[in-house]
Amino acid sequence: MRTSEEYRQDLYKLKPNVYVRGKKVRRDSPEVSGGINVISKTFDLVEHPDYKDLLTTKSHISGKRINRFTHINQSAEDLLKKQLMTRKLCRLVGGCIQRCMGCDAINGLSVATFAADTEHGTDYHKRFLEYVKEFQERDLVAACAQTDVKGDRSKRPHQQDDPDMYVRVVERRSDGIVVRGAKNCITMAAVADEIIVVPTRAMTPEDKDYSVAFAVPADTEGVKIVARTSKLRAPEGLKMPQGEIGDDENMIIFDDVFVPWDRVFLCGENKYATLAAHLFALFHRHSYTGCKPATTDMIMGFGALIAEYNGVYEKHNIREKLVELAATAELVFAAGVAAAHYGQKSPAGTFIPNEVYANVGRRHAGLNYYKELEILAELSGGLPAALPFAEDFLSEEVGPYIRKYIKRRADVPAEHVYRCLFGISNILCSSLGGVQAVAGVHGGGSPVMEEIAIWRSYDFEKKKDIAKYLSGISEELPRD
Amino acid sequence: MRTSEEYRQDLYKLKPNVYVRGKKVRRDSPEVSGGINVISKTFDLVEHPDYKDLLTTKSHISGKRINRFTHINQSAEDLLKKQLMTRKLCRLVGGCIQRCMGCDAINGLSVATFAADTEHGTDYHKRFLEYVKEFQERDLVAACAQTDVKGDRSKRPHQQDDPDMYVRVVERRSDGIVVRGAKNCITMAAVADEIIVVPTRAMTPEDKDYSVAFAVPADTEGVKIVARTSKLRAPEGLKMPQGEIGDDENMIIFDDVFVPWDRVFLCGENKYATLAAHLFALFHRHSYTGCKPATTDMIMGFGALIAEYNGVYEKHNIREKLVELAATAELVFAAGVAAAHYGQKSPAGTFIPNEVYANVGRRHAGLNYYKELEILAELSGGLPAALPFAEDFLSEEVGPYIRKYIKRRADVPAEHVYRCLFGISNILCSSLGGVQAVAGVHGGGSPVMEEIAIWRSYDFEKKKDIAKYLSGISEELPRD
Amino acid sequence: MRTSEEYRQDLYKLKPNVYVRGKKVRRDSPEVSGGINVISKTFDLVEHPDYKDLLTTKSHISGKRINRFTHINQSAEDLLKKQLMTRKLCRLVGGCIQRCMGCDAINGLSVATFAADTEHGTDYHKRFLEYVKEFQERDLVAACAQTDVKGDRSKRPHQQDDPDMYVRVVERRSDGIVVRGAKNCITMAAVADEIIVVPTRAMTPEDKDYSVAFAVPADTEGVKIVARTSKLRAPEGLKMPQGEIGDDENMIIFDDVFVPWDRVFLCGENKYATLAAHLFALFHRHSYTGCKPATTDMIMGFGALIAEYNGVYEKHNIREKLVELAATAELVFAAGVAAAHYGQKSPAGTFIPNEVYANVGRRHAGLNYYKELEILAELSGGLPAALPFAEDFLSEEVGPYIRKYIKRRADVPAEHVYRCLFGISNILCSSLGGVQAVAGVHGGGSPVMEEIAIWRSYDFEKKKDIAKYLSGISEELPRD
Amino acid sequence: MRTSEEYRQDLYKLKPNVYVRGKKVRRDSPEVSGGINVISKTFDLVEHPDYKDLLTTKSHISGKRINRFTHINQSAEDLLKKQLMTRKLCRLVGGCIQRCMGCDAINGLSVATFAADTEHGTDYHKRFLEYVKEFQERDLVAACAQTDVKGDRSKRPHQQDDPDMYVRVVERRSDGIVVRGAKNCITMAAVADEIIVVPTRAMTPEDKDYSVAFAVPADTEGVKIVARTSKLRAPEGLKMPQGEIGDDENMIIFDDVFVPWDRVFLCGENKYATLAAHLFALFHRHSYTGCKPATTDMIMGFGALIAEYNGVYEKHNIREKLVELAATAELVFAAGVAAAHYGQKSPAGTFIPNEVYANVGRRHAGLNYYKELEILAELSGGLPAALPFAEDFLSEEVGPYIRKYIKRRADVPAEHVYRCLFGISNILCSSLGGVQAVAGVHGGGSPVMEEIAIWRSYDFEKKKDIAKYLSGISEELPRD
């Protein structure tokens, strides 16, 4: 397993192909350091006694100890540990731990490649396992590039005026394929070693050129990463872990990129491209049952702390808001637990979370993110929107006044009040705070996507049977 | 194990002490037959291949096969099976299966009696196990009488003007105790063999006389059961299982009732009376994670069926409503699964569900019941409120018109449409439908009670640690 | 103007054509007396000093003083008075005052007939004014029969397999027309003097036979009224106004009914049939901005009263619930005020409420009815579902116990507590309570119907202009 | 009336006392130009034909034509025009027009000074009218400084450990008073000519020193304004009005500031200090019934536009979201209309909005702001969080790719899509967007403050009468 320093050094060696604010930047630019700081946590804590058991496991391929973010889940227990690991790490970065994407991608592909081979006699799964072996040994960090730019939303990939609106194979060669297109809304691609590409939607037989999955190093020729970066703030003199956090949301352009066959995992098998799209989403939604409760943990932590500082922690209207947050966090988490409990082992050996539970959990999280921000705003009052800048808080001229007037209870230092409000302001009134909210709705599939997934997988016919039985339309006991 | 016929015959032998509409009635009165029909399901299906494994288990006391409703849970698996059994049985009666109350009572008391003995050196647990042994062998049905009438809500039991506002010990004798008071909102007491009494709230040392738990046969001298009965409808000629369902909600008056010592399980130990109150509620809330999803199953079944009959089942606005119902059902159920998964074995050997998960689950159900009725009303349109009576539907004079005009799709018989709407009308526009809604909010503790339980058991301090860490107030990694 | 006694006597003279529970009943049957009691309020209070100014006005046709329920609104002030009258009367009957239907029908037709004549040169408006003149002089009560049975919901009237699924003209004669079909969900038709028929949806040129509006006496040959009646309860010895309230929801069958030309108001003019459908709905939704706040007034009254009796009226969680109810009532009412303020006078002289405001008001009411019931259930606790029957409350044997144990604060008599809970039980746990809830969602058009109306009438293009201006897509100031 | 250029020049003459990011800045600093741009709109449009009638009126003092933002409302019509003016101007700045604060302050003080004089024989009202006369003639812009820093929230002003936690009189001199303390969350103070100070809460007789209201020029000796400034973005080459918008939220420190008597409007009259606090809030909440619908207009405009660009504008799930936004906007607006309609003229001649309606309107807005952001996020998808920076969009290297891949429908230029998403990103994912959200909840009083106002002003006793009447507890017709 790598150290975070090794991860950084590996990143710095990549050829510059990241674009920020009109400039091509290297991976050691401060523009992308926030994301690197986040990912680093997944390396730094592998030996920490509280995290070790969660953050590492034994590879079912090599038998070696590996980082869990490179693991293919083999059991319900694996899913439960991944969920808990995600929750605990996300708390430390005040949001998304970002590394789950690659993990969820390899889990989804482990099943889809096996299934494709079973029908088509291809050997994707073998190639894929070789890739995973390397992935585990080199302890790689991968972005999963799923969301295509999509063009006209009312048309399928092959129906678009511009055929490049979904990533597609433009050339098949003896040594590999050439792909073109773009993916957007891809988190952390600017700080990843690898980019794993999976399809974004169900593919029909006419969409075969779009039925492609593969992996490339992040700096592969022809790959351009346009990053929308943002960071939380923490000025000089007020060191705070929250201030080290950052994020990059990327448009990845594939400008006729060559991919050798050993890194191509699907190519034309539309049915299994559909399955791969579906399974990445499923594993990723299960990951959300870990990360979203962590975000809620953080929100309720700040909300409870400012209520304590304000001297109103025991009030009934505070209690009901904090309990509302706790209930949201734990219902989402419980859905992940049930998804593991009612999950099943696929023919490939991978343990797949139950679809209904993973989706009701992710959906509940997505439906509540803005509600949680609203609760935090209610708990904190208006000050996060009007908090003097830290330079003023620390200045000689007005600093003493601010410290005098921000004070509440005698036993709480002014700086603690200020830090707490500053942290809340980062959540409620910052660019990255807004990005996290939008991601809270859409990341891993927005509520309407989960609605569709539930609609397809839930057995409503059995529910109709209950109505038929009770009203005497049918005399049979309902099957369910 | 008894048959339902044996259960009925045993009930019929009880001395009449049930009062309905100003009259004392026998247990074979049609007034209470609806509840008896419900309970009978728990006997009738013990050998049914689909229900056998859920509905029966092995007693950890006698080693014999027993009805699961008389079982003390010994493992997470037991809790999961109880939850699933509850869900499946409730579907068959279109609502509450009613027998869980006694089961939850004995589970709570199994822990509280053991704990009381540990501190006080009493022998409640031994007596209690003897009672359970009989309970299992005779396959008894018990109401759990918890909710006291409470008088002035701003005063504790011992502070009330009238000291009888909570059930209390008025006399301690060598052979037993004499109790006085009343419990209300007690479901199915009119059709139970036994009444198990547990306290309704935390008791202080001043409330020792009120710190009492015991069991009595339902027709014990001095016990008066005033029943608010209701039934769903199903007129002659339109047989439907829903029409056989009924309910009795009771005020139970204890008019100086004598209880022999071997049926007294707590008497003065206020701390363990508090625990017993708490644990019955906890087990009962876990039961709700089974029964409430069943109610939602039924509601979504009727909603889906009428949408199908109306020819709009595939419409987006139907889909979003049905998925909303499915999500509610499965989040509540998932909370129960997590409560079992994260539960723990008590010193008494009883396996206790996790408090946070049982409560967030029950709370979510309680917060959504009326919302579910609203969805059903939206799906069904106004006809459940305006449906011609069945006598008109079947009449010679206007029946043919009604059948002509109620028809929708050619392939669905008018009678099926009528039955479906009739079933919905029973849910939305009947006295018992309303009772079920109120019980959906308050049964087992209303959302505000779960809010209090979560507030007490959830570790918000650990959440504050996260905020302190992220904002730099503390440098320690958060404990959680 | 009539007295309520005259209204009753006029009703009793009608030929029996009302069917309840398989029997044809006369209008003096107890089955329909509840509805008659409701309507009677609109006659009884015309001279009451608090109601006189609201309940009567001057006819713009005859100049005579008339009951406002027979008035064609001429100004914003008229609409505001109608709204307030509706709110005040509905409070007295604990729900729908029922008589607004006919009033809204004549208002809608006053505009549609005038418009039809303008295009087609017909003389519907003149006939119609003659009818209204009689309507005002005889102080008539009319049901408005709008909702057709509709058959297959995915087909238009003329596309149905059975052509009778919408009321239609089957024969045009020199002296009138013959109509066939059925309307359902028609409130109070069993206690109305007249039935006014308007179309239920937009009509295309192919639907000309269905583009018909007319009025007939309720006992016209061929008219059959199948009533789903219900009443609130109030047993002997506990007189309460709530107990006199009842409702009938009807399927009205038109079995080849002859209508003379002077009572035909549209016949084939599909565009104006569409307008008539639309305008009845618009006026009726404005009426809902009066009646729904009244229902909420009643719910908050009972909620506040039981909280007071329970001694918790000042608690924060009570306050927030009551304020929530007040806010719902007043937002709906305010929408009605704005609908009047921004309404406009039609060419016919009738003052039409603003469509957007009438619809957002009705929609808000419809979206909140079940929420209001939920709040009432939370405020009242479980007892409304478990309240002993009045016969037990008054019985010699168990009455004294019930009165002892239902008591709360010393200064509130047990009977007041019981009456208050009984009233709540009537709202939450009765057949009619359920009917009112379904009507609260669907009456006058369900929220989805208001959604469609808002979608059609709201100028979203002007809103897009704002976005275009702010983002620099267009340099013009937004028009709105 | 001034021009915006005159307003700017007047501002630039003020002595520098604004602090931003640790530096004292002049009013012509770019740091505060965003706010100045906003306020300028209120000057620039006074002669615009679409705005003239709204933005100007006749002074009831001088009879001269004045800017409506300096007017004391004399009639319901005045309130309706102020409401509409606010809505229309806010649309042009994509949020708060900011100048209403001073206007609401003088309206509240016009009533409180008159009332204080009536009881105390003081001459505050005369002084105040002189001040208003100057205010109107010089066409001044004032911040209203209400919210004190408050210290320990569980203590009243006079109970605080540090007596300066609420602004107070520290010295009374023959020529005026000296005040000390600080106000926070004060919008636009950095770009105001004047600061008007009113109390923030009910004052008791012990709080007399805190019962003070006055006005000072913004650069008065001892006044320090610490600004939390933010701006929306619009980079070079993509001019957009949204990019000129900014905001400053301020802590205003009163470091022993002298105020001459002719600018002191209350000093020690705690009852009228309470009234002034209350009335400023009331007028300000009425202003919110204009500005919040404008924010919703903008949100629905962007939501509708991106849906159109995405080609899904006609989909049902888009429709329901846009209608939800329209309903929120119009319910809030309707509440303002009703507040004007049911308002009343005070003895001072000022027309006061109805308290219940102003509060239910403001409350509804506050409860829905985050919900509106959520809807916008749902409508726009994830791109606002991942949108490439404008410098990349315009760059030679990656710009062409971005323009190719952001394209949707053939008839919509890529730049329009980008601008629309950029505008949404400014709302959802920017610091100022977050500030507006927090202000959307708390500005003018958060929902819990409106809850309290409604609780105090709504007549729940009359609602209890309805319940008493219906349930027969009282035989009297309910008064209401």
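Which chain is which? They are A, B, C and D, in the order written, and residues in each are numbered from 1.
Keep this in mind: contacts are C-beta pairs under 8 Å (C-beta built on N, C-alpha and C of every residue); 3 or more make two chains touch, one makes a residue touch a chain.
The structure presented is a predicted model; accordingly, all values stated were derived computationally and were not measured.
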| item | value |
| --- | --- |
| Of B-C and A-C, pair with higher C-beta contact tally | B-C |
| Same or different contact residues where subunit D meets its copy subunit C, judged by the half mark | same |
| Length of the line joining the C-alpha centres of subunit C and subunit D, rounded to whole Å | 40 |
| Intercentroid distance (Cα basis), subunit C paired with subunit A, Å | 51 |
| Distance between chain centroids, defined by C-alpha means - subunit B, subunit C (Å) | 38 |
| Contacts with two or more other chains, residues of subunit B listed in rising order | 317, 320 |
| Contacting residues of subunit D [partner subunit B, same complex] | 315-317, 320 |
| Touching residues (chain side subunit D, partner subunit C) in the complex | 50, 88, 91-92, 94, 234, 238-243, 297-298, 300-302, 304-305, 308, 319-320, 322-323, 326-327, 330-331, 333-335, 337-339, 341-342, 356-357, 360-361, 363-364, 416, 419-420, 422-423, 451, 454-455, 458, 460, 463-473, 477-478, 480 |
| Subunit A-facing residues of subunit D, complex | 19-24, 147, 149-154, 161-162, 164-165, 182, 184-186, 224, 226-228, 230, 249-251, 253, 255, 310-312, 317, 369-371, 373-374, 377-378, 381-389, 391-392, 394-395, 397-398, 401-402, 404-410, 425, 428-431, 433-435, 437-439, 441-443, 446-448 |
